[in-house]
Structure formats: C-alpha cells, structure tokens
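Presented sequentially are two complexes of chain A, the first with chain B as partner and the second with chain C.
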Partner chain A sequence: MFNLKYKDDLYKFILSIFVLSVISVFLIAVAVILFYSYPAIIRYGFSFLWVKEWNPPKEVFGALTFLAGTFMVTFLALLFAIPFSFGIGIFLQEYCPLFLRGIFTVIIEMLAGIPSVVFGVWGVLTIVPWLRESVEPFFDRHFSSIPFLKVEENIGYGILAASIVVAFMILPIISSITKDSLESVPKIAKDGALAMGATRLDVIKDVSLPYALNGIYGGIILGFGRAVGETIAVVLLIGNQAIVPKSLFSVGYTISAVLANTFTFAVISPIYASAEVELALILLAVSLIINIVGRNILNKVIGGRFNRSQFGGG
Partner chain B sequence: MAELANIKKDDDPMPVFPINRGYIKRKKFYNGIAVFLAVMAFIIGAFPVFHIIYKAVALGHEYLNWRFISTLPTGFPIGAQGGILNAIIGDVYLVVIASIFAVPLGIGSGLYLSLFGKKRTNTFLRLLNELMIGIPSVVWGIVGFYVFSTNAGLGFHFGFSALAGGLTLGFIMTPIIALLTEQAINRIPSGYIEGALAMGATKWQATKSVIIKAALGGIFTGILLGIMNIIGQTAPLLFTNYYNTGMPTGITGPGGAVGDLAMLIFIYIHEPSKILHVKAEAASVVLLCFIFAIDLGLRLINYLTRKFL
Partner chain C sequence: MAEQDEIKVNVKNLNFYYGNYHLLKNINLYFKKNSVCTLLGPSGCGKSTFLRTLNRMNDYTEGAKLTGEVLIDGKNIYDKSVDVVELRRNIGMVFQSPNPFPKSIFDNIAFGLKIHGIKNREFIAERVEKCLRYAGLYDEVKDKLHKSAFSLSGGQQQRLCIARAIATNPSILLMDEPTAYLDPASASIILDLITTFKKYYTIIIVSHNIQQAGRISDYSGFFLDGELIEFDEAGNFFTRPKDKRTENFITSRY
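After this line comes the complex of A and B, so read on.
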C-alpha cells in the first residue's frame, strides 16, 4: 500500500511542477516587462504619458502621440463593431431559423480564425483603395468644413482604415459573447412573454436584454482588450506617422505599431529600448485590467464558459 | 357550450376586450424593422469572410499550384520567382517546438486543476490563464526577445532562431491548452472518475485509464486551437525569429531562423512590388487553407466526441 500512496504523491508532485511552470511563464512575462522598463520609468516618470515628443537621438520620450492613436483606433473600432455585433448576436440567437443557426455561427467563428496579417493584406488591397477612391473624395467634397471629417491627404491609409479592419476583427468576440449571454436567458421567461402576445422584439427588449446586458458589457470589454493590442493589421493600415490624429482620415501611429516597427532598432540604445518596453508595459497593464474586469463580469453571467471566438490570430 | 358553437363567424360578436389593431400592426412593423436590421448586421459581419477568401483567390490563383508550395523563393526582389517552401517548413519547425513546450505544460496543469486543485487555486489559475490569453501578442514578442533572443544580459541567447520563436509561441499556446484541458476534464461525468477511485485506483491509474480517454476530444481541441492560433501569429516572431528565405541550418544561433507563412505575407505586402503583393495573397490562401483545415478537424473531433462518448 505504501507503494500506491507513494505513486500518487509523485504524480501530484510532477503535475504541480507543470502548474508552477505555467504560473512562472506569466510571472516571467510581467517581470521582464517591468525590469526592462524600469530605467525609463525612473527617468521620465509620469511625464512619459503626456509628453508629445518621441525623439530617440535626443533621448526625449513621450507616448502621448501613440496613446492618442491607440485610443482613436480602439474607440472607433468599438463604435463600428458594437452595433453590428449586437445585431449579429440577436440575429443568431433570436431570429435565425434553427436549421441555419449552426452554419451561420460557423461563419462568424471563421471570421475569428482569420489571422490578423491576412486581415491586414485584405485591408491594404481592398479597404484602402475603396477609401481612397470613393469615401475620401466624397467627404472632401461635402464635409470638408467639419474639422473631424477633414481629409488632409487623400491616401486611404490612416485611422479610419485601421479602425474598420480592427472592427471586423473584434466583431466575432463581441457577437459570440452577446449570443451566449442571450442564450443564458431562462427560456420560461421568454416563452411567458411570447404567450402574453409580445412580439419577438418586445421579448428581446424587455426580457432578454435586461437579463443579458451584463454579459454584453463583458464582451465589449474583452473586445476593447483585443483592439488595444492589435498589431499587425494596424501596422499595415495606419500610415505610421508620429502625429496626433486630428481627423478621421488622418494618419497616425499606435503603441503596438511603434513596437512592431522600431523595437528591433531600439535595442541598440538601452534607454530607447527601455522607453519602448514601457510602451509595452502600458499595453500589458491595460490588457490585464481589462481582462480581470471583463472575465469577472462574464464568469457571473455565462459561467466562465470559453467561447472559441475569443482566441484569434495575432 | 352549445351557445358558443351556434355563434357564426360572420356575426362578428363583440370581442371580450377591445383589440387595438393599429397597435398590433405597429408592433409587428417594429419587429419587422428589427429583423431587417439584424439580418443586415449579419450580412455585413459575414461579408469579410467571403470577400477575404474571394479576393485572395482571385488575385493569387495563378500561383496556387504544387510548384509554389514546393520551391524556395528566388529572384529579385527575393520571392519574385519560386514559391514559399521555406515558410511551410518553418511553420512546421515552429509548431513542433511550440507544441513540445506547450502541450505537456498545458495538459499537466489542466490535470492538476481537476484532480488535486482546491477551489481557490482553480479560480486563481483559471484567471491567470485567461489573463495570459488576453496579453497582446506584441508584448509576448518583447518578452520572448528578452528571454530567448537577446545577446546581452540575462536570457538564453538563442539569437533570432526557430527555438526562440517557437518557445515564444509556446508561451502563447500554453494557456489555451491548459484552459481547454481543464474544461474537457470537468465535462466528464463525475461518476467515471469517482468510480475508478472507489475501485481503489490511484489518481495516476484513473488518469491513465479513464480521464485521458474520456477527455481526449477536448484535449485535442485545445491543442488544435493552440496551433490554429500560433500559425497566424506574426508580431511575436518579429522580435524572436524574423524570417529566413532559405532553409534553416540549425534551430539556434546564426542560421537558426526559419521562414513563416504569416511573416512571409507581412514582408511581401510591405514591398513595393506588384508581384510580391500577388504572392502575398497566394500565400494567404495557403495559410487560410491550413487554418480552415484545422478548423474542420476541430469540428470533426467535436462531432465524434459528442456522438461516441
């Protein structure tokens, strides 16, 4: 009997080594980012967040330009994605005929599986020419007096192109979580409302949505987390110029794009590299906070069930 | 009852309560608008799936042949002639290295959680895995650079190589496998495991003869989802592996870098060359084929597990 008990202890010991390695992967990630960004944090302090100039030769580093670009792309992407993913979730869960629901869900999940570099290529070859040839001339003719809609250079690349593509990338996350939240509404409540003569719309408006709203918020928060860290598609589409975007059509730069473009050059100079790692620290901190909040909400609503649309290509 | 039956339809009896037909019509009209909007949202959401595939095939179809897949890129700019063999071989390297790292770790920690874990450890570790999935891939790239690739300071000093890139991708893959393994084991009816333990089996014997068999579908789902995720990754490879137009001569140090499909597409689309853009689209078709093939495998596994287990 000693033998069997001993074996189980050994088994537990081996498995706990695996668990500790998983934990240490996370700790290594956080520790590496904190360790290498430490010199920049000490040297620039909080001014890093509101200084506009990013000048490696003069060793002046401020992230405001990139923060503004990231904020604008994320905000616009959410603005585009939320109504559509809302509609998709409602369509799949409430309106879609049952025999089509499976295949339609697969189509939305396929969207989640497409890698971001393929999205980027599609954006470069489809969205950018469309913006350049149809949308921007139109806005230039009719809305050039509104500062936010002013077309500065008619090149197609810029904030709008990046946010449209990012919106398509976060669409499956938000819509699948919307669908799951609507699915968690007790059927008896919906059936009761239907039996009282309510239309489908009444049921959605007065029964399902109040019940599912928290889950939908959770989905939006997770979508925000994805949009903030989105790199490759944004690099290809945003135009990569370090200016604070003033209009929907202007070019810009996001934190993730700066990292992708310049990090390999930055490692030559320690303080430059450290400033870049501090940018990564901002991304890391935002993603951790967002995910803690979003997961907490989702665990309450849909019981932590993991939808596969939530892993996408990076 | 007899009186009720005698009432004829065209007598139009007084309704018990007044029906506001306009109100009902309006309600139905609003419902119709909602249906229309929801259908439009779905059509616009589904549009890129088809348009991406259509555009990629329409532009890249002339290269979609065996030669493209089985030759190395040559010509000037590099890739103008030849194919993408370097990237496909490189993807195999990266996926194998990442899997060797991530599969034991993910399955092991999933097993620990469901066999030995207390409630609080489980909640904590699940949150940790979810957080790791949420970390942007470009941040993983920087972590991978400082842990594996850098030549100065602490770290493994692998250089820009398949080993560094693969292990960084392994970091990304681990939490996915861990989460899905744990979920798969939790879905096993508790009688299976408890029955085995009640018969006097040790936990190791229960794992070997019951749990692994019952959770196999879920575990494979996790592994395939992980692979599907990492073959689309570009950002982590920018700082840990970059790209190689030829065959790797090793897996670490100089000559250890490998090609990668996602990286190849990213580099080709950056070049101001029409032919490379077309080749990027052709390579996108190949990458999408891999991804959708894995997707199909996933659905098959799901279907079979549901049917036979």
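After this line comes the complex of A and C, so read on.
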C-alpha cells in the first residue's frame, strides 16, 4: 500500500512546500515594498532620483545624496579591492607553494565570514585615526587645490573611510573567485603555452586570464552587490550627512545607512515612511539585477558550482 | 650505434617518478637528426610522460622526480645551467588533445613568434599563412583568421596546434598522438607533412595507430609498464621484432 513510489511522491510534496514557501516569502516581501513605496512613487515620480533635498518636516524627498554616496562608496571600494584581489588570486593559484595555498585560502574565506559590524568597529579604531592623523593632513598640504582631493573637515570619517573598509569586506569574494576561475583553466591549455617557451607570466597574461576573465567579471559583480548593500560598517564610518559628496574626504550618506539610522522614526509619517521604502526598493532592484547578472556569468564559467554552494542543491 | 654527430637527442639511464610511483625505468635510447621515431605502447605505459621529459614539461608537476640524463646536441637539458624557457623554444610540441589558446586563429600561430621577440608584422603574417598551409588548414580558415580558435572543430583545432608548433621553426618536434582527433583525410595530410618535415626536424611521435606508425617511422620504440622493451629501425621493428611482447603488441594482442 504505502510503497516506495508513494513515499517518493510524499517527499517531493513536502520539499515542494518548503521551496514554495521560501519563494512566496520573497514575493510577498517584494509586494509589500512595492505597496508601501507606491505613495512616494506617485507623489514624487522620477524627480525622486535627482532632487538633492531630503527634508522630512517639509515632506520634500529626493534621493540624490544617498544615491551619490552609495555610488561613490561602491565605486571606490571596487577600485581599491580589484587590484589587490587579482594579485591575491593570481598569487594563490599560480605562485603560492601548495602547502601554503590551503592555509591562505582558509584565511581569506574566514575573512569573508567576519560580521560587518566587526569590520566597522575595526575601521573606526584604525582607519579613521590613520586618515585623520596621516592621510588627510598630507593631502591637505599637497593637494588642497584639487577639488576631488580637498580635505574639508579633517575628521577621518567620510567616503574614503567607508570605501576602504568596504574594500576589505569584498576583497575575499573577488579574490577567491579570481582564484577559482584561474583554477578552472585547463592545465593542457597552460602547458601548450609553456611548451612554446612562454614564461609563467606570459602564460598568465595570454592564457589563464583570458580563460578566467568571465569568471572574474562574475566575482566583481558579486563584490559590487555586497558593496552596494553594505550597511553597518558604512553607518559607523561615513559620517551620515545627507549631502552630495564633492571630495574623497567628504562625509556622506548611503541608501542602506539612512535606512538603518532613520527608518524607525520614519514610520510615524506615512509619506516619510513611503519615501524610505522607495529607497529600499531602489536598493533591492539594484542588488537583484547585479546578483542575477553575476551568477549567470559565474554559472557559465564554473558550471554552476557557485550557485549550488550558495543554495544547497541544483 | 649511430655516429655521435648524427644524434640529436640522447637519453641515458632515465628514471621518472610520480611521488613514490616509479613510472619510467632506466630508459636508454637516442633519436637521430632528421628522422621520424614513433613510440608505441598500451595506454598508461608512460609514453606521454616520457615525451614530456624531453622538453622538461614535467618540471611543474607536483611530486615529479627524475634521474639520468637527456642530452640534446650533446648537452644535458637537466643541467642546472640550462634555461628551460630557452630550451623549449627550440622544441615544438603537439599535445594529445587540441589545446588552442583563447585567441584568434591568427594569434594562436603568431603567439610563439611574438614571445620569441619577433615584431615584423609582414614576416608574422607570411609565417602564419605558410604554417596553416603546411597543416592543411589554410583553405578552411582563410576567411576567418581573426575569429576565435574555439570556433573550429576538434580536428581543425588539432591541425591549428600543429601549425602553431612549427611556426617558430624548432629543431625537434614532439607529437603526442597528433592524429587521434583527425578524420582519415586530415590525418593523411599530417602524416605526409611529417614525412616532408624530417628534412628539417627531428620528429618524435607517440602513436596508438600501428599502421600509421609503420608508414612514417624510421625508428620505433615499444614501451610497456614504463620500460622500453624494444627500440630499433622501423624495418626490423615492424617485421622482425626481437621481443615476444613487441610482437604481440604490433599484432594487436594488447
């Protein structure tokens, strides 16, 4: 009666329920966010994206300052993290002795698991004083004529502090994906170049990197996704002022930081809350798009390995 | 024994280990200038590994260890003073499966010339065309030289790799089953090419095809479990093998 066939169907049924409930929670969350941001979308339209002023008492809401802050932190963090990640990935895969490779790989993966608030605290304790006492005075003395490098307040907090710490947070993702992509380059392809009398550097430049490039793009995009949404570390470091940052050393604000700081007050006024939920919607849309693009690239390159390890099953 | 100055590659007491696994056991043989030598033997007997000892491709293999000597033009290539990169520039190699670079068809062949420091564009273009013709590939690819090499079929890729290996004019050509991926027509082009090319090169080929080997060889060697069982002129090797095991193999009993 209760034979294997039925048992199988039962398992399938139960598992489907699990899967469906996860999917529906996600869809409900999206629906709720759309629902609550609707009043602000209607009232402010596209001007929400380019108005600079964020003034809850006057009910003037424009996201430009947060968009600019988010963009700058993300861009700078990638700019700092990418060269180092490439270096680390290439070193681990191509030059590191085998017994050290395992140890370094574990250390880098552990770095990825450190909670972001810990990174934030570390940034406040080390990066901020360093910027305030060494870097900012130096730039103030030598580069004060360049607007983008102008030091306005010399407090250490600001765009640069946040970007440096976020760079450390995305470094493990990008470097371990760089390493994995290089690892998946077929040995025989590299041998072909070596046999022609190529140096190891030639091989990396002309064979390994072109092979691994798509995977590395995927890693960069995942790093981008993490940088865009990073919250706690940024709250602690960016200075939290709704201005469009004009310099590397300016204070600023990001979408995620303003939500973390003010959403509890915002719920008092429906339109204020709605404007903040619209910020969340923008963030959600950006990170979703970026993750989908990144994963697609990675799947093509490392045959879905990444996806599986993330979601526990094909 | 051949005259000393006719010998291009001389292998003396060569032993090769993968970790504790003693794969190649005391190999002694030589390859004469402008000759074609085929190496035969069942799968896993160490033919590819042996071929790779001749241009030190096992250098980066984890746990690989080697004793003995490989003399090329009288000089031991395992000597400390030898520059491996320099050594390999003089030796072309074709692998068991096609391994084009992630580049255009043109750049695959130009790659060797470029890393050898040749910059003259006209010379490179001429050389690319010539090598593609030698490998019997030119007519098939002349309109898409700047397309990715991965857009070619497996057999075309292998011929591209052969063209690539001869582009830099090496004096030794190592080929690991160069025709395994080819249809009979293109295999035949390659076999003819090999026969023509021994004028310029010393050619060493691993083969699984006894008939093909018989057609092109001047010398032949038979490996079994990492030992060189027999090595002789092709005439003797294929018609009057001295060892029973060689005879069994060439009459296809392995």
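We adopt the following convention: the second predicted complex is superposed on the first by the 298 of 314 C-alpha atoms of A that agree within 3 Å, B and C clash if a C-alpha of one lies under 4 Å from a C-alpha of the other, contacts with A are read in each partner's own complex, and residues count from 1 in each chain.
By definition in this document, contacts are C-beta pairs under 8 Å (C-beta built on N, C-alpha and C of every residue); 3 or more make two chains touch, one makes a residue touch a chain.
The structure displayed is predicted, hence computed values, not measured ones.
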{"item": "Which of chain B and chain C A:202 touches, first, second, both or neither", "value": "both"}
{"item": "Chain B versus chain C as contact partner of A:103, first or second or both or neither", "value": "neither"}
{"item": "Contacts of A:8 with chain B and chain C, given as first, second, both or neither", "value": "first"}
{"item": "Partner chain in contact with A:263 - chain B first, chain C second, else both or neither", "value": "first"}
{"item": "Which of chain B and chain C A:113 touches, first, second, both or neither", "value": "first"}
{"item": "More chain A residues in contact - chain B or chain C", "value": "B"}
{"item": "Contacts of A:23 with chain B and chain C, given as first, second, both or neither", "value": "first"}
{"item": "Touching partner for A:42 - first (chain B), second (chain C), both, neither", "value": "neither"}
{"item": "Shared chain A surface residues [contacts with chain B and with chain C]", "value": "199, 202"}
{"item": "Residues of chain C that touch chain A when the two form their complex", "value": "55, 57, 60, 62, 85-93, 95, 97, 99-103, 111-112, 115-116, 161, 164-165, 168"}
{"item": "Residues of chain B that touch chain A when the two form their complex", "value": "27-28, 30-31, 34-35, 37-42, 44-46, 48-49, 51-52, 55-56, 59, 104-109, 111-113, 115-116, 125-143, 145-147, 150, 171-172, 174-176, 178-180, 183, 202-204, 207, 225, 228-229, 231-236, 238-239, 242, 262, 265-266, 269-270, 277, 280-281, 284, 287-288, 291-292, 295, 299"}
{"item": "Chain A residues touching chain C - in the complex, by the definition given at the top", "value": "98, 186, 188-189, 191-199, 202, 206-207, 210-211"}
{"item": "Contact footprint of chain B on chain A as seen in their complex", "value": "4-5, 7-8, 11-12, 14-19, 21-23, 25-26, 28-29, 32-33, 36, 83-88, 90-92, 94-96, 104, 106-111, 113-122, 124-126, 168, 171, 175, 199-202, 204, 222, 225, 228-232, 236, 256, 259-260, 263-264, 267, 276-277, 280, 283-284, 287-288, 290-292, 295, 304, 306, 308, 310-314"}
